[in-house]
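Both of the next two complexes hold subunit A, though its partner changes from subunit B to subunit C.
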Partner chain A sequence: MGDWAGYLTLILQGAWVTVKLTVMGCALALVVALIAGLGRVSHVAVLRWISTCYIEFFRGTSIFVQLFWIYFVLPMTGLWSPTPMQAGVMALGLNVGAYGAEVVRGAILAVPKDQYEACTAVNLTRYQKMRHIILPQALPLMLPTFGNNAIELLKATAVVSLISLSDMTFQAQIVRSQTGNTIFPFVTILILYFIMSLLISTGMRYLERRATRGLDGVR
Partner chain B sequence: MFWDWDFAISITPTLLQGLKITILATVLGAIVAAVLGLVFAILRRSTNRLISRTTGFVVEFIRGTPLLVQLYFIFYILPDFGLRLPPLTAGVIGMGLHYATYFSEVYRGGIESVARGQWEAARAGNLNPRQTWVHVILPQAIPPMIPAMANYLLAMFKETPLLTAITVMEMMSQARSVANTSYRYVEPMTLVGVFFLIISIFSVFGLRWLERKFGGRAR
Partner chain C sequence: MTEPIIRVQDLRKSFGTLTVIDGLNFEVKKGEKLALIGPSGSGKTTILRILMTLETISGGRIEVAGEPLYHMQKNGAEVPANEAHLHKMRRHIGMVFQHFNLFPHKTVLQNITLAPMLTKGESRANADKRAGELLEMVGLSDKAGHMPSQLSGGQKQRVAIARALALNPEIMLFDEVTSALDPELVEEVLIVMKRLASETDMTMLLVTHEMSFASDFADRVLFFDKGKIVESGPPEQIFKNPQEERTRTFLRKIIAAGQHV
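Now for the complex of A and B:
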């Protein structure tokens, strides 16, 4: 019976890898989403075009295919040989970032037109307009969907177990093959994943409250 | 040269064979999801708190945990209870169950988007519950749901490569087995990506059309 403690440790080690993947993937996704989302509403046609291509490409193919492509095909081109962790973060970040970019675009376009007109009226530069007027109002609109995207990213991390990165799912498979017991490892990781996704949604609700704090009376 | 056209052409029939399974799994999974999703949505509307709360928790749990782990769960644990499912069946059930939680939200949104006055008018016009649903509520609730459902259908299509983990011979499995026997990853992985991209791009046009046709009244 003492073995179970050892197996649980193994799974918890995997949980730590899953957490790291989620956090780094989310960070990359956020940066990419903002860049591509702003690119999508840019005045420069080339930027709009590049962003659209990026978004359609990563939303159009499966994350699974992207991960395998980054991990197995990219090294063959001689450009870069990512470690499993790097490949995982890159695939997750770029994939979820593409979904996030559409959210950023939608939120920016959802800011009422008179806000834009007011910016022009008081002669703000394009940067000032975005930084001080549009984005602070667009951010609360993005947050709920970003929360969902973060949970999707957490769930997608399970895929990296298939390129032999020892995340929670991979460790559960090891425990299964060593003990022949299926219920213990899988129920444990299902519960752990669920707790993590609850943490993300709770954290997001907190952020939403913070982000809307200064906006009373605007909406 | 790292891209070999002859090899790419020679493996295309194998991949297309897998594509058939991919599409089959998507369609069957979507049917399961549409039916189960309606069941979840109805149970969640139940006036019995115990039923609605329990359903709510189950839906949240399924949605907060990775599909891959759920597939393993179905594929490896059910045999312990004497229920050995063929891989494709397990995959269809797993995908259907996972996406049913998303579909149930679509149903809920669609039903709630019907104005309260419509319910009251149906009552005032002395319609029985069946007439209310068939002639008043559903004709108004279903059109706004169609684009959202098509969207999830596309999402399911992109999740099918996960079935490779439970040995369903869909497109990604075919690509991996080709890659493992020939030691060439570039062509199979890239071709799978291209096939996904082509189908997704056409589907996106289809989606836009559906949104124009049905989405007008939603929001």
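Now for the complex of A and C:
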């Protein structure tokens, strides 16, 4: 029985790697999504163009390829040699951030034209308009899709085993090959992935409630 | 001495191939209360929106407080205005919309104080104090902490008026501010407007379908049709003794619809 505790510890160590990848990947994705999403609706053509290129590129190529490029090809340029963790976070963040950017753009455009005009009438600058009026109203519209994106990111973390990072899936494979037992490791990670995504969706629902509270009066 | 505060010269505005305003000229004196009336689709809203810089113009020239609105000086030549110039010019002008356009995620108080704090650098204390006075004036002192969604239409519109006034513009534009309201809520907004008109020396341009209100409120009435001024004059003349056949036709229709003129 002591063996199983040891194997479980291995899987939990992997789970910790998966959690770190998910949290940091989501943080990066969020920042990138906001920047690129704002870039998409900027009045500066160059910013729109750069954002569009980024979004199309990262949505149009697979996350496997992106991970390989960041981990294997980027060091060859001599610019930066990321650790496996850094490469994983970057690939996940940039990939999911590209999808998130379109969500940000859509939400910004979904704020009624009336609101933009009211900002002009009280003479807010473009920055003040975005910061104080448009983004706070766009945010509740983004959150449900952001929740889905975060869960997609969690599910995509398993790709990092390809660059020998010992995430949860990777550790489950190790346990399976060492014990010959398939059911134990895979049932364990099934449950763990499910708990993690449940935590994400619960957290997002809480945020959604908070963010929409003001909009329809007291809730 | 009485340099007009608004001067519109040969203004033209098209939406695609549809010409809405075609060679419009008028002036507004400082402190004047002007009512714009006319059939729906005649371009009244468009004129206010142009003055609020919510549209672009297709031709002509507008001066506000002696400066061109849609043009600016650059290297001795007059060029189309950039955002910085428009921003500067907007300080002269405020607008109240037909559908209020309050910020739904801000409280009543925040709706009023946000812009003075952001655009004029007013302290929160000063902005709150001024907002308190304005809320009292529009009769909503007890609603400062409410969200817009908790207010009736008439209350929303009174908050919108307070929000515009908080910036102390010299010119206020009102676009059919009562026409989105239930009939029983119209009066409370009109009362506020009448007070404003009699107690301030602000220049006011008002688009309205309430002819008796226009008559009380305005020093001068412009009757519009198809983007042109058909007739203009003091309310007694326009409403009691219109000179133009089109004005008479319009007023007959209004009276037939049940309004007193």
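Here is the rule we use: the second predicted complex is superposed on the first by the 216 of 219 C-alpha atoms of A that agree within 3 Å, B and C clash if a C-alpha of one lies under 4 Å from a C-alpha of the other, contacts with A are read in each partner's own complex, and residues count from 1 in each chain.
In this text, contacts are C-beta pairs under 8 Å (C-beta built on N, C-alpha and C of every residue); 3 or more make two chains touch, one makes a residue touch a chain.
Just so it is clear, the structure is predicted and the values come from calculations on it, not from any experiment.
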Subunit C versus subunit B on the shared subunit A, clash or fit after superposition: fit
First (subunit B), second (subunit C), both or neither touched by A:Gln128: second
Most subunit A residues touched (candidates subunit B, subunit C): B
Which superposed partner A:Phe184 touches (first subunit B, second subunit C, both, neither): neither
Touched partner set for A:Gly60, first subunit B, second subunit C, both or neither: first
First (subunit B), second (subunit C), both or neither touched by A:Pro136: second
Touched partner set for A:Ser197, first subunit B, second subunit C, both or neither: first
Gap in Å between nearest CA atoms once subunit C and subunit B share a frame through chain A: 23
Complex contacts: residues of subunit A adjacent to subunit B: 56-57, 59-66, 68-69, 72-73, 76-77, 151, 154-159, 161-162, 169, 172-173, 176, 182-183, 186, 189-190, 193-194, 197-198
Complex contacts: residues of subunit A adjacent to subunit C: 114-115, 117-118, 120-126, 128, 132-133, 136-137, 214-218
Residues on subunit B engaged by subunit A in the complex (per definition of touch): 2, 61, 63-70, 72-73, 76-77, 80, 158-162, 164-165, 172, 176, 179, 185-186, 189-190, 192-193, 196-197, 200-201, 204
Subunit A-touching residues of subunit C, taken from the complex the two chains share: 52-54, 83, 87, 90-91, 94-95, 97, 99, 101-106, 114-115, 118-119, 147, 149-150, 163-164, 167
